[in-house]
Amino acid sequence: MTLTLNATEDPTVLDENGNRIPVGAALVSPDAESATPKLWLQNLSLKYKTTGGERMLALDSIDLKVRAGEFLCIVGPSGCGKSTLLFLIAGLHEPTSGAVLMDGKKVIHTGTDRIMIFQEHGLFPWLTVEENVEFGLKMKGVEKKLRRERVREYLNLVHLGKFQKSYIHQLSGGMKQRVAIARALATEPDVLLMDEPFAALDAQTRDLLHDELERIWAETGRTIIFVTHNVREAVRLGDRVAVLTFRPGRLKREYLIDLPRPRHLEDTAVAGTARDILGDLREEINKSLAVEYQQ
Amino acid sequence: MKPIARQVIFYGVIFGLWSLICKLHIWPPYVLPAPWAIVEALWAGFQDHSFPIAILASMRRMLIGYGISVVLGTFLGIVLASNRFFEQTVSGLLVSLQSLPSICWLPLAVLWFGLSENAILFVIVMGSLLSVTISMETGRKQMPKIYSMAGRNLGARKWNLFYHVLLPASMPYIVTGLKQGWAFAWRSLFAGEMIYVTLGLGQQLNAGRDLNDMNLVIAVMILIIAIGTTVDRLLFRTIEKRLQMKWGLLSAT
Amino acid sequence: AAQTVVRIGAFPNITHPQAMVGKSNGWYDKALGSSAKIDWKSFNAGPAAIEALFSGAIDMAYIGPNPAITGYVRSHGEALRIVAGATSGGASLVVRNDSGINKPEDFHGKKVGSPQMGNTQDVALRAWLKAHGMKSLDKGGDVTVLPLANPDQLTLFVKKELDAAWAPEPWATRLIKEGNGHLFLDERDLWPKGAFITAHLIVSTKFLKEHPDVVKNFLRAHVELTDWINGHLPEAKKALNGQIQKETGKALSTGVLDDAFGRFQVTYDPLRSTLLTSARSAFDAGFLGKQMPDLSGMYDLTLLNQVLAEKKKRVIQ
Amino acid sequence: MKPIARQVIFYGVIFGLWSLICKLHIWPPYVLPAPWAIVEALWAGFQDHSFPIAILASMRRMLIGYGISVVLGTFLGIVLASNRFFEQTVSGLLVSLQSLPSICWLPLAVLWFGLSENAILFVIVMGSLLSVTISMETGRKQMPKIYSMAGRNLGARKWNLFYHVLLPASMPYIVTGLKQGWAFAWRSLFAGEMIYVTLGLGQQLNAGRDLNDMNLVIAVMILIIAIGTTVDRLLFRTIEKRLQMKWGLLSAT
Amino acid sequence: MTLTLNATEDPTVLDENGNRIPVGAALVSPDAESATPKLWLQNLSLKYKTTGGERMLALDSIDLKVRAGEFLCIVGPSGCGKSTLLFLIAGLHEPTSGAVLMDGKKVIHTGTDRIMIFQEHGLFPWLTVEENVEFGLKMKGVEKKLRRERVREYLNLVHLGKFQKSYIHQLSGGMKQRVAIARALATEPDVLLMDEPFAALDAQTRDLLHDELERIWAETGRTIIFVTHNVREAVRLGDRVAVLTFRPGRLKREYLIDLPRPRHLEDTAVAGTARDILGDLREEINKSLAVEYQQ
């Protein structure tokens, strides 16, 4: 069953038989215990400064609840504001209006409970691979021996155990991305914010990491917000997939994915659902192209 | 081996040209002394221990003064970084103070510290402190935003953010600042040693100039250059090389 | 009671012979005995010594007339008193041999150096030009008066860019010996009895008030040393040169030392009238403000005269 | 509005403290003059036009001297960048020359240029030239390799590579160098103006010192600070802001 | 028909019926005119300096000929040396041994005939989007008016016409990648070296750019060397796909792809061929994982 819900229209969901059911219920029912959502984006907007001095609306009134332990994937055309949304949740940008609530409390600063994997790594060139991965643990005050162990564990996870002493510039593109993944996972935060973490990886490595990520998620009950441009990946991993509109970024539609796990990227069910979502996304991308060519 | 050969050639050519000019007798020797006269002056200075003593005295001052500058300058940089009020007020004042020539500080140095070693140190510190502070500020401003974002995201706050992220991320600028600070300190030393007559290279230079003894002036200049080069090579080049190695700024193959 | 420490400033310079010789043979330490301890400070320039005196870093100083006057005037007569003389004479007008200057009228259109704007030699030069009907460029005349550091005067003599200079010792001698110059005028010839003040001893007013006994003892030693130097010239010259070498790392050549010594006298007489005359000229040249400062309180010769009286020497008015 | 208010408060407090110290008569006024005496001295200096004339003369020298430094320093930087032989030889010498205090240059300046404006300019140039050159070198070395790779790949060679890639990529360092160069030039100006008596701020400062006129000294110091701040604000801050804007080093929201 | 050829063994190719045919013939036959290959990598090896001061062999004796107008795709596990290979062809690194010949002449320097799209963009932060794209043209000495036109054309191609005046930091990750693509294409070089150019793009945009790239290639007869971790993309685009081995990078096997064009990513033939190659690649990746875990 795939539930689609149109956020801009009625807050209802279509069930398998095409009957509309109220969204709130559909969202909350799978996990009734979480009365307050883990994350609550309230009417979130953000404007960027542009060169002229005017301000460009990047995100427009995003309203979204993420329950604890949910795996939410976000897709949308390039430049629609996916990374921006993660920045806001991480507390790295301040919203122009609206707020992000975590466990009911307003997010103002960054916090080790929300660790992000940046689209452009953000690895520290002055530290070795090992020290990069260790960084978050050190900041959390984890004791040295434990730190070393965890670093080893997560570097092995991303197949970089041999490169622990290398500096960042000595790694290939894909290797850098894997260090960034290890760095974020090692910190073991409540909420993981992942910005296209697997974009530079080959299919095989990516599949392996999908499995690992899913395992970690299932074992630890972490909340994950996962940005990707690969719809199939989103369906493979997510409990829910949110589609953003093109400039300004609004919540276009959400899909509840309740395919049984473990899923695989090549499953026909995954592919089928992905096709549905892709249709939706394509609409947005076409809109963006229209904007482009109308000038 | 090759760079050294080049340097030998280079300094050889300079020496040769200089000798040539002297041989041509364009200026009398007490105005532009010949290289061999300088060598003699150097020899004499080392022979009667006046140069070693002066170098030791001056280097001691430099080490203390520059050390204070680095520590205090770093501290000031931290304070400025952490406090907006200071940044908007003290910071501007500091930049302008940096352009005050050292002699402006002489009267205040005497007033506050009397005729003591401390007065000289004060002049050195006032001359170099600020370039350390300012370079820390510049580094913080020119550093790519992603580093501080990643650091904050991973839980670095306040002191940790500063020490583990901002500081290393702006290290290339800070090293430049330390280098400039050294040059400033070194220049201020000569101003400071003019407060009163005391052992030191500044005194040697002053004596040479007061007596119009160009041999001595140039011998001291050569000492200054030699010490400057040594410090640059041993200290700053090493740091820079390490930085470049870590950051991947050297050729990879 | 704690021993009094007297901090005394002086230049490692030929015109401060009492300080140099006294330092080198411990004359003053012996004379003061256990009553006070001497702490010598060396300076390169007068203004720095005055700064140090102002800020309380030194108590006494051998110093030229110029800084003493400015120090006195700046502090509205508060900071210092002249208590004795030290040297007299020792400044000359030297001309470059190929400058074409043979008589005073030849100075028209020439470039003449002086050590520093408004200092004794500068004032003397301007006064002398005026007396011979000439004026400096900035006063509408045709003689270029160039205040220049002494070493630079020598360089410019060599480069033939400077025609003459009114210089103190040992520079006058060096200009003659090394700059291809000759003596045109010894400043002593302009003064009655050939004496005019070059350096004297000043004391901070505060120290003078608090420790008159120490100052008096010091003055006694100063007078005795002055007599000793005049009586033992070769020995004194050697001690002086040795001390200069010790402090600056460089001794004067014997030729320069001898010639320079021949052109000035060591004396304890402050030659008050010559300073006042010189100050008058300075004021006329516009260097001492709009109003002639009152220098009457600048001298405190009571202690010197007590010492001289003790010694049955002629007291100074 | 707010930063300005802060600055007013800040300088107000300094002024107040200073006045307080003077009122307490810790030091006599001829050692530490009172603020109002300084204001008077400033007023007098502007009244009789001596300050405006001195500022103009000094600024003229600075513009010419600093201008030469920037042009020549850039040129030297280019030569060093393009030639390995020079880099390995001249470069080390330059760093050491940078630490020579300006007074070392005075005798040579007089010897080579006599008593002319050029002698003063020479001292200014020798004081500041090198920090421009050195900052260009540092910038080139600390610049991320990817820029030069991308530039070369897109067909930039030699002069084009230098002008269109290396230069802009190391601009943050060069601006730091230009700023330091300005500070050095400004300090050297005062040394240069000591060569002979000529109109200028250095002369005013000198006169103040020679006459032990602390009012004048501090008034000139305030002028120096004011000019330094103005140049920093108008010139360097503007350039830095532009750079930060382009490179995305300012807050984006 | 898919031709597979094993470079380390006999220089032969398997045809559809499993018969071995000589490689040279198979390679040259489709385009007999090119006697000297456009690019000839001769026994190319490269060692990187590592932290300890030793040197790590990144590429080992690569022997490869690329004919003029060929579309060659290179796949291989992360860190195997794909980017390094492009650096060598571009003349940005000097080989430790061996040489790169272009049109029979040894490549020593960079040249505008070989333009590269860097995996990490390498866009100039001090230039606007427009100026970045213009850069290569300016270096080539193209006249101003023509330059402007071409910049507009290629910015439209990557759907960034509206962002011409923006600075690089004002763009999203995908937008940066597209600027880099436009910058390389605008220079219109003989040989295009593309290092995972579409990694950060959504499926729709990528599909569009596939079509555009294929069109440009077909129209202008450019030689393209295309590095990707997406095997299907390699099959979609390439005349030939080369698989590199894991550390040190050697040429493991080459596949001639002679599926009819236009192809599509979702074609079953493309998917099938990709599956074959993926099997090969998987072997390498498993080897890399074995290396990792044996420690």
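For clarity, chains are labelled A, B, C, D and E in written order, and residue numbers in each chain start from 1.
Just so we're on the same page, a residue touches a chain if its C-beta (ideal position, glycine included) is under 8 Å from a C-beta of that chain, and two chains touch if they have at least 3 such contacts.
Here the structure is a predicted model, which is why all the values come from computation and not from measurement.
Chemist: Determine the set of chains touching chain B that also touch chain E.
Modeler: Output, common partners of chain B and chain E: A, D.
Chemist: For this structure, which two chains have more C-beta pairs in contact than any other pair?
Modeler: Summing C-beta contacts for every pairing gives the maximum at B-D.
Chemist: Centre to centre, by mean C-alpha position, how many angstrom separate chain A and chain E?
Modeler: A distance of 30 Å separates the two centres.
Chemist: Per the centroid of Cα atoms for each chain, what is the distance between chain A and chain B, given in Å?
Modeler: 50
Chemist: Indicate the whole-number Å distance between the mean C-alpha point of chain B and the mean C-alpha point of chain C.
Modeler: Taking the mean C-alpha position of each chain, the two centres sit 37 Å apart.
Chemist: Which residues of chain E are in contact with two or more other chains?
Modeler: 48, 51, 120, 167, 170
Chemist: What residues in chain D touch two or more of the other chains?
Modeler: Each of 27, 31, 106-107, 111, 145, 209, 214, 243, 245, 247-248, 252 in chain D touches at least two other chains.
Chemist: Residues of chain C that touch two or more other chains: which are they?
Modeler: 51, 54-55, 151, 155, 159
Chemist: Please name which positions on chain C make contact with chain D in the complex.
Modeler: 46-47, 50-51, 54-55, 67, 70-71, 74-76, 78-79, 116-118, 146-149, 151-152, 155-156, 159, 161
Chemist: Give the list of chain D residues in touch with chain E in this complex.
Modeler: Going by the criterion above, the answer is residues 146-147, 149-157, 160, 164-165, 168-169, 171, 243, 245-248, 252.
Chemist: Contact residues on chain B for chain C in the complex?
Modeler: Of all residues in chain B, those touching chain C are 27-28, 30-31, 45, 50, 54, 106-107, 110-111, 114-115, 194-198, 203-204, 206-213, 216.
Chemist: In their shared complex, at which residues does chain E touch chain D?
Modeler: Against chain D, chain E makes touches at 87, 90-92, 109-112, 114-116, 118, 120, 122-127, 135-136, 138-140, 167-170, 183, 187.
Chemist: For the complex, which residues does chain C have touching chain B?
Modeler: Listed in rising order, the residues are 7, 9, 12, 41-44, 48, 51-52, 54-58, 150-151, 154-155, 158-159, 174, 178, 247-250, 252.
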